[in-house]
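The following blocks contain the structures, represented as structure tokens.
Heads up, the next two complexes both have chain A, just with different partners, chain B and then chain C.
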Partner chain A sequence: MEQINELKARYSISDSRDQRPDLGFITVDPGRLAALLAELQQVRGYTHLSFITAVDYPETGTFQLTYMVHNFESAHSLGVRTVISRDTALMESVHHLWKQAKTYQRELKEMYGIDFPGSPGVDDPFILEGWQGPPPMRRDFDTRAYSEKTYFPRPGRKTSDPRRHMQSRLYPDYTPFEEET
Partner chain B sequence: MKLKDLIAPFSVWKRATEKPYTAMKPLSERPGADRYRGFHINDQEKCIGCGSCEAICQNGAIDMVEVAGVETTLTDSGLRPRIDYGRCCWCALCVDICTTDSLAMSNEYVWIDEDPEVFRFIAGAEGKPWDNSEKGYRRSGGYSLLDPERVPMILEDPKKGVTSFIEMVKGYSADAARQEARRCVDCGLCIASCPAHMDIPDYIRAIRDDDLEEAVKILYRTNPMPATCGRICTRNCESACAIGVKGDPVAIRWLKRYIIDAVDPSDITAALGKEFSDSGKTVAVIGAGPGGLSCAYYLARMGHHVTVFESSKKAGGMIRYGVPEYRMPYDRLDDEIAHITEQGVTITYGVTIGVDKSLDELAASFDAVFISTGLPDASSLRLTGEDLPGVLSGVEFLERVARGETITLGRTVAVIGGGNVAIDAARTARRFGAETTIYYRRREEDMPADWEEIHDAKLEGVEIITQSIPIQLEKAARGKTGLVWGRARMEDQGPGKRPRPVLIVGETYTAEVDTVISAIGQTADLSYIAESKTASVGIDGNKVLADYHGRTENVKIFAGGDVVNSIGDAIAAIADGYRAARSIDAYVLTGKGKT
Partner chain C sequence: MKPYSDRGKFPERTENGNVIDLDSGKFVKLWQGPQHPGVTGNMSLEVIISGDEVVDLTTHVGYLHRAFEKLIERRLYIQSFPLVCRICVPEPDTNEYGYAAAVEELAGIQIPEKAAWLRTLTLEMSRLTSFLMWLGGQAGAFGLGTIPQWCLAHRDYMLDLFEELSGGRVYHMYIVPGGVRDDLPRGFARRLEDVLQKIEQVMSDIELALFSNAVFKRRAVGLGIITRDMIDEYGIVGPNARAAGIARDLRKDQPYLIYDKLSFEPVTADFSDAYTRTLVRYREMEQSIDLIRQIMAGIPEKGAIHVRPPNVLHWKIPAGETYVKAESTRGEYGYYLVSDGTAYPRRVHVRGPSYTHAVVLLEHLALNTNIADLPGLMVSLHTYPPEIER
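Up next is the complex of A and B:
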């Protein structure tokens, strides 16, 4: 983490903490992220990009992105975090640093609707072939409503309410008193 | 070039016979991980068809459907989940919410078929290869979507309680009630078990929503005595509660009591309204117990003129004269009856049909008659010495206490029986300061009394001697009565049958006590019906013969409550009264019996 302290001022790192001896997290402005990752990769020994992921916070109107990088020599992993606006949902691509970044970015585009302009194939379907709805990993995605709209009821589907079914089987002649008003 | 470089290409051949580390393509088997979320499995025996899986499914992938060979019972809807894999997203919420842990997922996920319709099946009922899979997703420990523990009820300190007749169960606060209400999964399995089929999930939802006005309306739809049932109901609903399979059933009875205790009596009137049309028809109700009051209430709200004939000085029947005040405070009962009379019901007190007025006279002067005279008399022990002065019946004892009479029990009391009357008599005797022992023929788990009543009785110092059969009663020294009893062993009667107590020869004891109270059941004297000339009604022993709708063989006369049904509790009587009210309504308006 000494290295991190050196970087703190230059990249205006706002938050840093060690979760384990071999795992730390830092938070940086989105505008400084690519430059920081480049230095981590080329100067600080964090040569491997393990994954990129996102968390949706509709409450604050933001996405939190996490880039997990790894230093094989020190066996240390570092999660570099940044917070972007949910409305614009736009982030600089890092595929020029790690080729595999394009795959993660393509996945984030599909699942969260976060765009990474210039990332090769970012608009290609990742796993949701023919998907037409809103990005499904956004927390305001209404699974039920989407299902009802997209997967029309197949013929032959029929359900019974347990209480009505039990009434029809066990006490069909009983009706509760509803006064006429 | 070195020699080593020449040999090197050939040295790899030494590995030729070893198992390769790499997997061969194409893959022949693709086993899922041990906890993989594959096709569903469902233990058909464990599943109760509550439909919580359907309710939680975010994709609408589950239908509750009938399955051949699965019967609908009071604790099983008979429905089972059918899963549409065109929609399932394998999230396993259905497994996590399952109230019985019957639903799980196998780790099988490879299944190829050209017919899309096969990917919709009733899990565990269609003989799939993975049905007995040990692997796959099971609900993990450490968290639960269901809350297995009931919000505790506050009870009066038994040491203090036993010195007076103050109410022992204190009732839920608003916070406690809402917390308890949140445990309900809204499946509705409980409704069938309630004789009045009260809409339990709906009034529990109203508690969650803090809409007590709506809750009151739901209660009164089929039960005009919710404050009573909120205290002393036999609550069969709780035995059917889906949450009760793995945890404590939802405290349905206490939630009902919370609703009615939390609203002012005037709010009940406001919530229900009081405007109804006048049919001009008259109905006589015999007996102001729960059955008669229920029938009278609904008839009045249907617009009929109802007169209730009650032989006692106050209404309530067994609720007033059989249930002790520490369980059912008289002022709460008075409020409940006041609300019923407010609907225009007239109660004539001190009139005994068969003595002051005949059934024939009632049948002649009213458009219809409802008989709900209950079972007011104690059944006989049929033992020698039953007529000794130190012996009295539970119903007589409780009635005299309710009337405020002075009763001398002495220092020691023996109660014979295992039902709620026996427990009520024993706990009441404790309040008179007597050392009280209950003698019951079978085991404690066989006792018909409410388990909470048994528990509370013990807390109050009531001793229970199980597997004890009374043999005879005899005069003992110093004015005491000797209860001679023998130890019983339980004889197995085969599967599904209650074991029978059999006297062990030679093992008899005599308990010398000041008072013996018998509480082994109740009966009725129906001579007032048998003696009627024109208004003939079928009777069988101490029961009036009436159908589900309360109709007797006489088109004008209806009956319900303990004098008809074999259940013999308040809620069954209330339900009888309600159904009879509907039949009477149909009869007086059309002149025909309900069909």
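Up next is the complex of A and C:
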């Protein structure tokens, strides 16, 4: 973490903490994030990008983006977090640093509606081909309302009492029992 | 015959990338998958070929999307245990360990020592099981039909052991928060050793039948070469990176559970093509057998296997976030867990190595390969679609 302390002033890192000796988290302004990641990758040895993901906080109207980078020399992982507005949902792309970043960004666009202008293929559907609804991984996405609106009850599906059903199948001429009450 | 330098069959190159004009008659677009024996799991490759040579490839996923991450957000912590193992069918224990370890870390639970040994045992057993299935797939992708039958038969012996240990053959749910569910059954060590000897025997047969096979050598050598420069650029991990000479193994670099008490060295090679990657994974199978024997020799006879967590139906985990990772057969497999202090997780992100290997890496490596070698290339990267779409 000494390396991180050097970067603190330059990138206005607001919050840093160690979760484990081999895992730390820092928070940085969205505008400085791409520059910080570039320095971490090219100068500080954090050459491996494990993943990019978003955490949704509808109550504060924000997304937290987490970029997990790893340094193989010191066996240290660093989660670089940044907080962006949920309404604009716009972030700088880092596809020029790691090839796989564009896939993560494409998924975030689809699942959270966070746009990464300039990222190759960011508007192409990744998992949900032909999806019309709102971004489904947002926490305020009402799955039940969506499915009731989109998929009306299928005709032909009816539920019946198993006992009556088997009686009618096995003994079609038999008058059914009176229900035991 | 046209001279070799004739590039007429390749796409025209412009500043904006390759231009593929399907109306030109030079190219054919093929869909390989989502249901295709030459594709691992349900994903689909949009392949553009010229003659029998691949000139462009796009990976499409989504056919197995079951929204695990969304489901986990709406379940209690304990309710997600039957879910997470289903993210990777051939190797579910890594998921169970990653999720359990992340939950325990945030909840401040320390598992007993014997539970750590038992967890390591199941992780290594599932590595061996997964490799057996993979080895069969790799041989089958190059048209060798007997080896998959040997491999899957011996995988079943391992599944029998898992059934004996946990009650489940494919999904075990053996690793639970606080430790493991049960102790080893009586006589388990002997039956495990019997199975390991059977597997060793069939592996020596496979070594003769596969690595000396002229067809396999001819097709796999030089297929899908990964250079050292590509490792960090594409985020390549696991045996794919180790075959290129990068000795990175989480079990060694950041030892978890009891891996620091076992003696082993990461298996490496100096040239990552399909043949070498097969060889590296074959050596890792031998390593797993050795590690299982070391674990069985060192496992404590007595001791607690479980610490009781609080009432799991009212279990609130303190707010915080963590990332726990483990070395699966394919490389770094991790769980990123964010808790907001309630009984439900705020966010769980599953990081699977296939996210990189099957999308950007495969799209790059497939260029200029023969269409018949595409399944072999794909299997040699060891990709599982469910961990891409989660």
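Simple rule for what comes next: the second predicted complex is superposed on the first by the 157 of 181 C-alpha atoms of A that agree within 3 Å, B and C clash if a C-alpha of one lies under 4 Å from a C-alpha of the other, contacts with A are read in each partner's own complex, and residues count from 1 in each chain.
The rule we apply is simple: contacts are C-beta pairs under 8 Å (C-beta built on N, C-alpha and C of every residue); 3 or more make two chains touch, one makes a residue touch a chain.
In this text, all values refer to a predicted model and were calculated from it rather than measured experimentally.
A.B. asks: In the overlay, answer first, second, both or neither for which of chain B and chain C A:V83 touches.
C.D. replies: Neither partner.
A.B. asks: Looking at A:D161, would you say it contacts chain B, chain C, both, or neither? Reply first, second, both or neither.
C.D. replies: first
A.B. asks: Quick one: name whichever of chain B and chain C touches more residues of chain A.
C.D. replies: Comparing chain B with chain C, the partner touching more chain A residues is C.
A.B. asks: On the A-aligned overlay, A:L170 touches which partner chain: chain B = first, chain C = second, or both, or neither?
C.D. replies: The first partner, chain B, only.
A.B. asks: Taking the superposition as given, does A:I4 touch the first partner, chain B, the second, chain C, both, or neither?
C.D. replies: In the superposition, A:I4 contacts neither chain B nor chain C.
A.B. asks: Determine, under the contact definition given at the top, whether A:L23 touches first (chain B), second (chain C), both, or neither.
C.D. replies: The answer is second: A:L23 touches chain C but not chain B.
A.B. asks: According to the stated criteria, A:Y151 is in contact with first (chain B), second (chain C), both, or neither; which is it?
C.D. replies: First partner only, chain B.
A.B. asks: Do chain B and chain C touch any of the same residues on chain A, and if so, which?
C.D. replies: 143
A.B. asks: Which bits of chain B are touching chain A when the two form their complex?
C.D. replies: Within the complex, chain B touches chain A at residues 49-51, 54, 58-66, 72, 74, 77-79, 84, 86-87, 89, 117, 120, 187-189, 191-192, 197, 199, 201, 221-222, 273, 276, 298, 301, 548-549, 578-579, 582.
A.B. asks: Which bits of chain C are touching chain A when the two form their complex?
C.D. replies: Contact set of chain C toward chain A: 60-62, 65, 67, 69-70, 73, 105, 232-235, 237, 248, 253-254, 320-323, 325, 332, 334, 336, 338, 346-347, 349, 351, 355-356, 359-361, 364, 389.
A.B. asks: In their complex, what parts of chain A are in touch with chain B?
C.D. replies: Against chain B, the touching part of chain A is residues 143-144, 147-148, 151, 154, 156-163, 165-167, 169-171, 173-179, 181.
A.B. asks: Hey, which residues of chain A end up touching chain C in the complex?
C.D. replies: 19-20, 22-23, 25, 47-51, 53-56, 66, 68, 72, 75, 77, 79, 98-100, 102-104, 125-129, 136-137, 139, 143
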